[in-house]
Amino acid sequence: MKERAKNAARKLQSTLVPKPFKRSAKKPPGQKPGTAIYTGEQHLDEVRMIVHDFSEQHYDVIPIEKIESSESFLQSDSKTWIQVQGLHDIEKLRTVWDYFELHPLIHEDIVNMSQRPKIEEYEDSIFVVMRMITHKNQDAESHGLHTEQISIVLGENYVLSFQERDDPVFDPIIKRLQMENTRLRKLGSDYLAYALIDTIVDHYYQALDLIGHSIEEIEELVIEDPREKHLQKIHSMRRELVHFRKSVWSLRDGLNSLIRDESPLISDEVKVFIRDVYDHLVQVIDSIETSREMVFGLYDMYMSGLSNRMNEVMKVLTIIATIFMPLTFVAGIYGMNFNPEASPLNMPELNWYFGYPAAWIVMLILAFIMAFYFKRKGWL
Amino acid sequence: MKERAKNAARKLQSTLVPKPFKRSAKKPPGQKPGTAIYTGEQHLDEVRMIVHDFSEQHYDVIPIEKIESSESFLQSDSKTWIQVQGLHDIEKLRTVWDYFELHPLIHEDIVNMSQRPKIEEYEDSIFVVMRMITHKNQDAESHGLHTEQISIVLGENYVLSFQERDDPVFDPIIKRLQMENTRLRKLGSDYLAYALIDTIVDHYYQALDLIGHSIEEIEELVIEDPREKHLQKIHSMRRELVHFRKSVWSLRDGLNSLIRDESPLISDEVKVFIRDVYDHLVQVIDSIETSREMVFGLYDMYMSGLSNRMNEVMKVLTIIATIFMPLTFVAGIYGMNFNPEASPLNMPELNWYFGYPAAWIVMLILAFIMAFYFKRKGWL
Amino acid sequence: MKERAKNAARKLQSTLVPKPFKRSAKKPPGQKPGTAIYTGEQHLDEVRMIVHDFSEQHYDVIPIEKIESSESFLQSDSKTWIQVQGLHDIEKLRTVWDYFELHPLIHEDIVNMSQRPKIEEYEDSIFVVMRMITHKNQDAESHGLHTEQISIVLGENYVLSFQERDDPVFDPIIKRLQMENTRLRKLGSDYLAYALIDTIVDHYYQALDLIGHSIEEIEELVIEDPREKHLQKIHSMRRELVHFRKSVWSLRDGLNSLIRDESPLISDEVKVFIRDVYDHLVQVIDSIETSREMVFGLYDMYMSGLSNRMNEVMKVLTIIATIFMPLTFVAGIYGMNFNPEASPLNMPELNWYFGYPAAWIVMLILAFIMAFYFKRKGWL
Amino acid sequence: MKERAKNAARKLQSTLVPKPFKRSAKKPPGQKPGTAIYTGEQHLDEVRMIVHDFSEQHYDVIPIEKIESSESFLQSDSKTWIQVQGLHDIEKLRTVWDYFELHPLIHEDIVNMSQRPKIEEYEDSIFVVMRMITHKNQDAESHGLHTEQISIVLGENYVLSFQERDDPVFDPIIKRLQMENTRLRKLGSDYLAYALIDTIVDHYYQALDLIGHSIEEIEELVIEDPREKHLQKIHSMRRELVHFRKSVWSLRDGLNSLIRDESPLISDEVKVFIRDVYDHLVQVIDSIETSREMVFGLYDMYMSGLSNRMNEVMKVLTIIATIFMPLTFVAGIYGMNFNPEASPLNMPELNWYFGYPAAWIVMLILAFIMAFYFKRKGWL
Amino acid sequence: MKERAKNAARKLQSTLVPKPFKRSAKKPPGQKPGTAIYTGEQHLDEVRMIVHDFSEQHYDVIPIEKIESSESFLQSDSKTWIQVQGLHDIEKLRTVWDYFELHPLIHEDIVNMSQRPKIEEYEDSIFVVMRMITHKNQDAESHGLHTEQISIVLGENYVLSFQERDDPVFDPIIKRLQMENTRLRKLGSDYLAYALIDTIVDHYYQALDLIGHSIEEIEELVIEDPREKHLQKIHSMRRELVHFRKSVWSLRDGLNSLIRDESPLISDEVKVFIRDVYDHLVQVIDSIETSREMVFGLYDMYMSGLSNRMNEVMKVLTIIATIFMPLTFVAGIYGMNFNPEASPLNMPELNWYFGYPAAWIVMLILAFIMAFYFKRKGWL
């Protein structure tokens, strides 16, 4: 039985919940700031780098081994997106960071897998950390939500993106890059950075979808029959929503300041699009808040369901006891052994002709009075 | 029984609650921004376009087939309102959007039926998305609230409105347009846009009216007898209010910035009216908040009603048990078979002349003591 | 019984609670803004107009029939307060509004009896809507709070006030106007407007006084004995406080902006007084918040009182059952009919000399053990 | 019993709780603003005035009868603190107010004993109202907190202080004035005003100290045994904290604006000290908030303690009932009077040789099964 | 038993909880501001001073006895960190404060062990008070969190740090100072101050780690079996989180204003690093809030666990009572002593051939009906 409970508790830890404390395990206090230590697990054999070079006229995809191979693309007039997959090999990543002269604090954040999402402006770049939340077709029991940290660096004519895995999350972007006459090809690297952010925010809707379905399911279950395992689902839901909110909330201010600030890296034309993704993010946050309120409501329903069940149980007990206790008492009376021969007052009923039927009638009347009383109280 | 519970749960999903997640179902992540995909259901056979052309001197209504037919109205000095009904035919809508050179992000929002309400300023237009909440005379069980998204584009001398259906929500405006010497005819297109927004906000009062009545009804029911189905109504109420609030809340800031910003599209004269509709919106939001507090209060009343019932049930049980248990014990005593002949100490009472009446008197005294005790405790 | 509950529910609707939804009943959506429709009940036979004309040297009170009769007063150097009582006759009111060229939106707000309290600046006037909360010596059951909407228009050398009834709420002001050498006579119409506002805010203290007494009363009652009707009082209290807060809250920002804005209608000297009434309003709001917290605390006390009672009930039941069940069992044992003659093992106790007393001793010992156990648990 | 409950309720009204409503009792609505009416009780025989005149070189204390006696001190270069004790004699106070030409609104606030704490800047003075909370060595039952309103007026080279009583709260300041070479003697009257405020804030720490001890005490009691009287203490605690917060909260903004504003009455040197007392005030507010959370936690502990007790009671009942009901049934079976002679099937057990012991064995086995079942459930 | 409860209560007072009230014990109200009184316990034999003098070229550590010995280091171009350990000897500390001409208010805060964390700018220095929270390898029962106040003064080319103990918290900084070519050696004293702050914030992660583990542990325990001691752990958790939040919350604004203000003491280069530590602090605060929500959730789970247990107990009782009460009644019927010989109606069953088995069959049927009823209700 204990084992079962522990399993239940373990299942509560959904994959959505990050491990914000792992960092400390690997990185002791007082270390040099900018010390890059990867706090995730290794997912790929090696760090891959893919150059996407494009302009209005062309689009090329070139996997590279060394970051120096991107030199020619960066020098040319084209826009260049370097996609880095795998974050376990700090040495190889450092070649990229040094090549682009990124600030050491950026190094640290890219490989710290529990970094708070944020948008920061540096002297000649904008640094974005987001939490991608994807949806996998897993069993219905777990919510199938999966979280991954993605960092984006926007420079003057380049974009760097860093992911732990080679998930195909950005494939729709790549497909759009292949098409001519798209805004993606026409506008600058700021628009590409926007497109990456937008893709990540789009995924939040799918996660919300799943959560919405779960809430409806639990609602049906709780109304039907409030069992302890439903409470655990409610609790787990509550936890997921807290972490979901934490994963998106802090981006809000970041996007807002991108819209208002006068960064030369982002054109006015792209700012309109950033306002759009900001609007989506606010809608996501609103939905999370709404879901949270629904979950609080579920808890209230669960608790009053319990109270209702208790009331029902107690009514059954009370009805039975209230009907049978007086009857049993009557039966007990006539089970007494007073000697009728010692006195005519001693239980003469026992010798009456209609004694036994009379006792039954008394008992039935008592039972009917009780039943009527309960009926009037609405308990039956 | 399960079936019944599911039905109850289904009924909780009132028509007011939007489906914020449907979007993802139709629109996969990573798509081109401004990709217009209609996320609602088709309500009309075809997209209808009606031109309302008016000035201080005239008012004409002309249904048109092609948007180019509005050219002459737009070129003239008159003000032109083009009412578009039906949003399922993206291709036809695109002819309108392209004709007025609307930003692609506006396209997307017009046909995304779960767009968050908002007011956005573009270079030469103001874009408004609102959620019309109308009231239908349906059965008393469901609240009869019905939601529809309406988009409005205000240009220099024109207004565009987009609705899913051909509901007569704007008929009062049309009637006022027919009358001469009205502000609507005298003032510019900004005043018309205001009038449309004002009409939508006016409808919120009717929805609040309905909700207010429901709360009063549930209150009476809960005070009378706290049943489980009342709790479900409370829960449903809570959900509706959360979504109602979400439907109006975000407009507040939009209207406020319209009043403060220096948009050339809105004259100072009209700003006074926008301040008025802002005031109405704030009043609506206040009432929603108040209703929410009332609903929380109802839940508290329900829970304490349950506890009260439980107390009452337990008192009945305790009174019955406490009176009959000692009596039954006394009866049990005299039902023992100790042999009076084996010893003078063995239940001599059984052979007493007043044995049986004495037993009754003992039992009655016990019962009276208990009854007196309960009386003093206030349980009877 | 149902009737009783309905009455209870009806009593909960105190007179303080406004009807924010009535408006919609009379005013359909989409109407011309500024459409004046009176949403209250008629209280007076006709609309009365009283001119109070005063300067440092004189004070005259002149009831007038037509607003044009005030012409001479308004033209002179004196300050003029026109007190309008009764709002049901829109036509007559319109003569006033048109005479002073008030904005149509002001018309609408004056006669809409569920207008949110507010302070608005127009081009050449300041418009104030407030909710007077007066206290009538009614029966102790209802709180005796009574609400009335009062509108005030401050122009350059005049003040208009609009009330539904002819309540003597402003009589203290009139008395002060009769006295010479008062600030009221010396300072301008802005000071008079302040004095009217201040009088209304002063009344809030009396309402708070009443509410404070009610809370103390309910507190005593709940501590004494938590009954269901007390809960209904708590619920009613909570509702009143929500509406009280709504009635005063929105004035706060209005007064604050009057202090800060550079309106030529209000002199610096009067601004110091407005700061004082603002301070009073903040104190009122603070007290409402505090009362709300007290009421939440009362609810918590009520609920735990219920739980305490339940515990007490259950203890009585448990003590009785736990003492008498074993005793009844023992009595049952010796009520069995095993044949002592069939075997020496068959209930030889029945034939013992001390059988019956021994059975009693066993039962008494059992009872003492139980009583000792409950004593040690602190249940007795 | 009712008497006892009323006493309990009365005790809840600690001395800390002010009477914000008394004002209305004495001051009817609509009165002239600045009408000074003392709303407290008389504590001293007469209003006392003490002049503290000091400079870097000297410090003199002179009790005066008439305010005009302070003329010479105020004219000189020295700094002068006039300490006024006793507020019941409005006429005498008015001589002071008129002498210093204080604004009438200040008069009103000084003698209104339920004034919200605040800091206001007037043309040539700064007016401060605070609530001193002192600690008296009373019995442990009441918290021994005592509240008194203190007003301070800071002018160019003078400070006025107004108190109801002659409590020695400012004695430490007087001692410091007696010492030479202190900042108090060197710096201006603004520093003296700061020192008075600082002394009042210092007293808040002692009140917090007491409250902290009370919370710890109640915590111990609640963990030990959740009784109803503990709940009343929790409720009383909650009330005190609400009022304590109200007594200090509004000062925060006042002090903050003193630091930021460019008042010529406060030098930059003294602003650093005001920042310090602001910091202390924030710390006091933080501690109040923390204490409030602790008190909410205590309530939760109390409620779950009640539930735990209930569970325990129910377990005892259930165990007893579940063990003895089957046994009593078995005994009842063998108490039936079926005639063994009428049929060999009629209760032949009664005549078995081992009948009676067998019945006991059956009953003991039943009891053991039940006990084992409860053991496994963890109820024993 | 009382003793046990007191122990439990005592254990709740974890070491994390500061003693904000101790101050008052030592420092009476009305004292001179800047009066330095140490409110902690003595931890070291004497106050130690260690000079860390460093530049890009060198790093020297010199313990000093008198603060004047640091003269030469401070005069030179190098940067100097003076680490002061032990705060009990005010006289010795005063030599340091006077030497650096620190404001008296700084003196007071350095030795007041319950000072609210803050960052304050003075004319030529920045003063920081923080609360170090370290983790000791203690027994698993207590959380092993330990709190210590650390003050830092940043001057133009020096940093002072004040600690109560000689804990090795800053040893990683010292190790980094020993290495050449580090930012710490190259950049100014502002970077050193940053590094000290960063080290303290890094420790918060470890504390969070511990708290996270505790929450997971309690969660498992509560799901398994909601016992009273788990509630005490939840309560203790809640308390710790409140105090943790209080210990870090107020730093947020301080760091934020350091980033924005134009203090000449902090270079732009270092501001980027301060932004990083600010980001970490916000992440810590977020995690505390999340943990708080988890703890509220735990309480809810605990309470519904209790209700579930109660339901289970009541079901057992009800099932047993409902099955055995009717059976006992039937047995009681046939235990009645009606005389079959007095009338053929008097319990003829007793003499039937199948009387006894028939009674059993009746009773079994009754039992089966009840069991079936409970089965259908889902109680079995």
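A few remarks follow.
By written order: A, B, C, D and E. Residues from 1 in each chain.
The rule is short, and it goes like this: a contact is a pair of C-beta atoms (placed from the backbone, for glycine too) under 8 Å apart; a residue touches a chain by one contact, two chains touch by 3 or more.
These numbers were taken from a predicted model, which means no experiment stands behind them.
In summary, the chains found to touch both chain A and chain D are E.
Inter-chain spacing, taken between the CA centroids of chain A and chain E, is 25 Å. The mean-CA centres of chain C and chain E are about 41 angstrom from one another, to the nearest whole unit. Touching of two or more other chains is recorded for residues 225, 303, 307, 310, 314, 317, 321, 325, 328, 332, 335-337, 347 of chain E. Judged by the touch criterion defined above, the protein chains form a single closed ring in which each chain touches exactly two others. Residue ranges of chain A in contact with chain B, taken from their complex: 169-173, 176, 182-184, 195, 198-199, 202-203, 205-206, 208-209, 212, 216, 219-220, 223-225, 272-273, 275-277, 279, 282-283, 286-287, 290, 293-294, 297, 300-301, 303-305, 307-308, 310-311, 314-315, 317-318, 321-322, 325-326, 328-329, 332-333, 335-339, 342-343, 345-347, 378-379.
Taken in their complex, chain C has these residues touching chain B: 2, 5-6, 8-9, 12-13, 20-21, 23-25, 27-33, 103, 105, 108, 115-116, 118, 120, 122, 225, 228, 231-232, 235, 238-239, 242-243, 246, 250, 299, 302-303, 306-307, 309-310, 313-314, 316-317, 320-321, 324-325, 327-328, 331-332, 334-337, 340, 347, 349-357, 359.
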